[in-house]
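The structure under discussion is supplied below as structure tokens; questions concerning it will follow.
By letter and in written order, the chains are A, B, C and D; residue numbering begins at 1 in each of them.
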């Protein structure tokens, strides 16, 4: 008898859920809960999650006279593209996702895009900075991050202003994103008159940088640019410090942006990261919360300050929300039109997508800036914006020691 | 000091840790003809064990090796009865699969607890600086500990009754049984020591590099290379081969991109297998 | 009669040990040639040299007027030289019939699988294993496995069959049956070269006997002459007058 | 005759069901599930040719799949070839490479061979990670233009799916054909006792090299198809050691040495893995469950599911090969 009652309850709850489903939109995505991309991907996910909770607390997205509550459908992609297509197909067809967010990383996103494109589903991408993905002919992708070419060229500009005679070493992860970043940066450095004395890519799962570090020392480089993702970047920094490599400037991709970076202690200090967003940035938000409000809410929820992945995640939600509001509903074609027309500044900065067919969806509004880990008065490492000079919160410390 | 010397010293130091890891694999393989595919998972458990112990006690990480080895022995006995005892003398596929199954379970549980994020043991010993090159204290202590453990094992195998019994069983199990040696007990002890060595090497690696629950796999592959270079069932030879492998890495890395090193190592591995199937340190017999 | 197998000065050395040294002999068509010698005399090594498991360090082996000195065991089988193993080696995971089919498939005639099956059934009938055709090979008794060894070799349709101690470990009834089988094989036109420890049997069966001691041939003669050869007696018993001594002490 | 064997008709029925089920009602979700099942069956049944038929444990079987993917994707994106010729060429190229590798490492037996296959896998992966024309660690992308000759991405994915199902059917028919052939008998003899087999006239060196090469062909074709569908290929997904190991698990689960076992094991394991991964409560424990399952199977039913069926219903041996 009890069992019957239970089943009846279950059935009726399903029924109720369907009755309200018109008022709900489903956002589908995969998260790398395990595997190499775990840290960065989860930070991105927290951005999504905070946005969802705030929207739902405010009664949902209001568009065309309706209130849409936001719900998520998500799976673990294990940082591996093997199942990405299976999972995105499932998200689209079984979970009936209305819109999609990308997995973390350029290569997983490219794999997911094959499925989302042919189902003509809009997918906002964060953590997929590499330009190539947007130049394969995709028409339904929208990139939230500033593209990869910008990451290190900005650092070279900052270096040029400080020490045009520096000798440069590139040490970077042999992965889509970092190769896409370093290749143009190397050319740019030479064009700016720097002597590039060493350049080597390391395998994505490297933990022992001893051999590379010996080579960097041998090359007499004074500046090191490169890195990849969190795991390898933090290890590289730690070992550079342990081996007392005499470098005046270290700029690493992605890793130093994470709040976890502070755990490196003294090894953390002085390292620069090209960033999509920093809590100190003072963009005047035309839409959505201010940077300070976002930071406060995020820290309250997760007990840690947001990284730019988190901000990117939140901003993806925000941009989608705005597009739905402007489209007056969740019709894909109308939302796509609204996204194509988007040119807005939020706490995250300016967002504008390219509408040229050859590079549709490429981010053209957003820009990279640089942040450096410096010691505050109490000696604790904190991140300061040092570039562009107009938006800086502290001066570049050069050389590090 | 020139780069190649620095690089070879680094190689020597890390090579002794590879050697220690391989000793465990080599011992088990040599004594009971089981290729222990839990090896990588045990190395990973060594890493996390050290992480937990160090965070709980905050004493010198290298002193914690003793409790780690004790823990490894217990773990070894458990795994022996869970997955190994009943596959000894069965076709090689059986032991490969049963140890692989345990490996999957350990990795699965580890992933559920620690996810696959990197962890660090925040312990560092000041290093020695020679010119521009600095050799970290951790590398030196790890190498020293590895050699010390290897010597202790060698003494155990040569001097004690149980040690001699292990060697006898490795040599010829039937003959050893005829002489009244209980092979099940000996196999269990040998297996437990093998696991303890893997755990110890994982604990040492955790003081050098960050690690995830999946990190053991790479060291397991290196252990295969080292074991084959040394020849089976020669634990001390494995240590020597490990050091040689480290030196080789150190010697070639200044001249080529390090991403080519695995190709060289594993290419060499396959060649050695084909040319000297019993290891380069064994005399050829018909 | 012509020589089917001509062995000329073959040797095999393992490390410092001379297993077979400069051995020569001929085997005539239609003949049963026995090979005897004390333990460790190098009999099985000689077989292994003849069928190509080992390569001889010196000399030559001509089989059916083809030089097979450097041939591999599988090539030798195709020429019509099949053998059995002293320690039986059934293909345990397969049925008795399949075991024999392998012999026929890859033997001298290189039969198709379908023909091989028919051959195998015939051979099984002949060696008395027909009733066990579909049993797993592992389920046979030792005597059964010895028969299976012979059947597999016979299925290859050989001109010459090497039998390595097919009688060892059998009881008297089984020995009698096996002796009949060997005779019938010879009568069907297959030459036989056999190692045997059961003296009575080999003396009965063989046309001639080769005796090995410490890797060297010490005699080659019909059975009756062999037992009276002083070298052979020394090799087997230590000294020529040992029999007298034993009698004296008894 | 192969036509008289019931399993052949079962295989064709299975392939027909695979093709028809997702097409009926345009169920793309089912298609995506089934394509991974088909892939698992392809890998398992070809691995079975080495492990089950010949008794050689190949830990690096996935290297064929990965290399096939690379050769095929390279031909398509850089050389502009069409899908099918690329896939077939990849199959032949990888088979040839396997033949060469095989003649080297097949001199080894037992555990030494198993280890050498791991060595080959890591060495090849490392080579590809450094190989400039194939994009080093970054790998290659399939441009959307490659889908155009097949009628756009939507159409292309269906075509790929049908091709994969066809490769699956071919894999199983190949296994079935070899099993009943003289060649297969030679392989079984090698599996049982290689030295005895040689003395019985089996040319083991050649047979092993041929089967190693044959077992590379269809996985390589499948590699091209799958990575074309995937849109990207890089060394870490092309040469995943874990997938290689899972292949062995699937084979043991179903029953090594049997055609039906390789299909059953591949299919069941892949469905279980998919289910665990997408189930919210169990997804963290999928490895634990798979590991425990494997331990139970080899302990209680070392012949796998088919072996267990044989014991239960001995006559089934004649139908379910």
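As a convention for this text, a contact is a pair of C-beta atoms (placed from the backbone, for glycine too) under 8 Å apart; a residue touches a chain by one contact, two chains touch by 3 or more.
Being a predicted model, the structure only gives us computed values, none of them experimental.
J.: When you check each chain against subunit A and subunit B, which touch both of them?
T.: Of all the chains present, those in contact with both subunit A and subunit B are D.
J.: Closest chain to the overall C-alpha centroid, by per-chain C-alpha centroid: which is it?
T.: D
J.: Give the chain pair, either A-D or C-D, that is connected by more C-beta contacts.
T.: When A-D is set beside C-D, the one with more contacts is A-D.
J.: Centre-to-centre on C-alpha atoms, which chain is most distant from subunit B?
T.: C
J.: Using mean C-alpha positions as chain centres, tell me how far subunit B is from subunit C in Å, no decimals.
T.: About 49 Å separates the centre of subunit B from that of subunit C.
J.: Just the number, please: Cα centre separation of subunit C and subunit D in whole Å.
T.: Computed from C-alpha means, the inter-chain centre distance equals 44 Å.
J.: Would you kindly tell me how far, in whole Å, the mean C-alpha position of subunit D lies from that of subunit A?
T.: One centre to the other, that is 36 Å.
J.: Could you please state the distance in Å, as a whole number, between where the Cα atoms of subunit A are centred and where those of subunit C are centred?
T.: Centres of subunit A and subunit C (C-alpha means) sit 77 Å apart.
J.: Among the residues of subunit A, pick out those that touch two or more other chains and give their numbers.
T.: Those would be 174, 201, 203.
J.: Which subunit B residues touch at least two other chains?
T.: 111, 257, 259, 261-262
J.: Would you pick out the residues of subunit D that each touch at least 2 other chains?
T.: Residues 129, 136-137.
J.: Okay, in this complex, where on subunit B does subunit D touch?
T.: 29, 33, 35, 82-83, 86-87, 92-94, 96-98, 100-105, 107-109, 111-112, 217, 221, 224-225, 228, 257, 259-263, 266-267, 269-270, 273-274, 277
J.: Tell me, which parts of subunit C touch subunit D in their complex?
T.: For subunit C paired with subunit D, touching residues are 51, 53, 72-75, 77-78, 82-83, 85, 89, 91-94, 98, 101-103, 105-107, 112-113, 116, 152, 156.
J.: For subunit B, which residues are in contact with subunit A within the complex?
T.: Subunit B reaches subunit A through residues 3, 6-7, 10-11, 14, 111, 115-118, 120, 122, 124, 127, 129, 132-134, 136, 138-139, 208-212, 215, 218, 249-250, 253-254, 257-259, 261-262.
J.: Touching subunit A in the complex: which residues of subunit D?
T.: Per the touch definition, subunit D meets subunit A at residues 27-29, 31-33, 35-36, 129, 136-139, 141-145, 152-154, 157, 229-232, 234, 236-237, 240, 243, 274, 277-278, 283.
J.: Applying the document's contact rule, which stretches of subunit A touch subunit D when the two form their complex?
T.: Interface residues on subunit A, with respect to subunit D: 75-76, 78, 80-83, 85-87, 89-90, 93-94, 107, 110-111, 113-114, 117-119, 132-133, 136-138, 173-176, 179-180, 201, 203-204.
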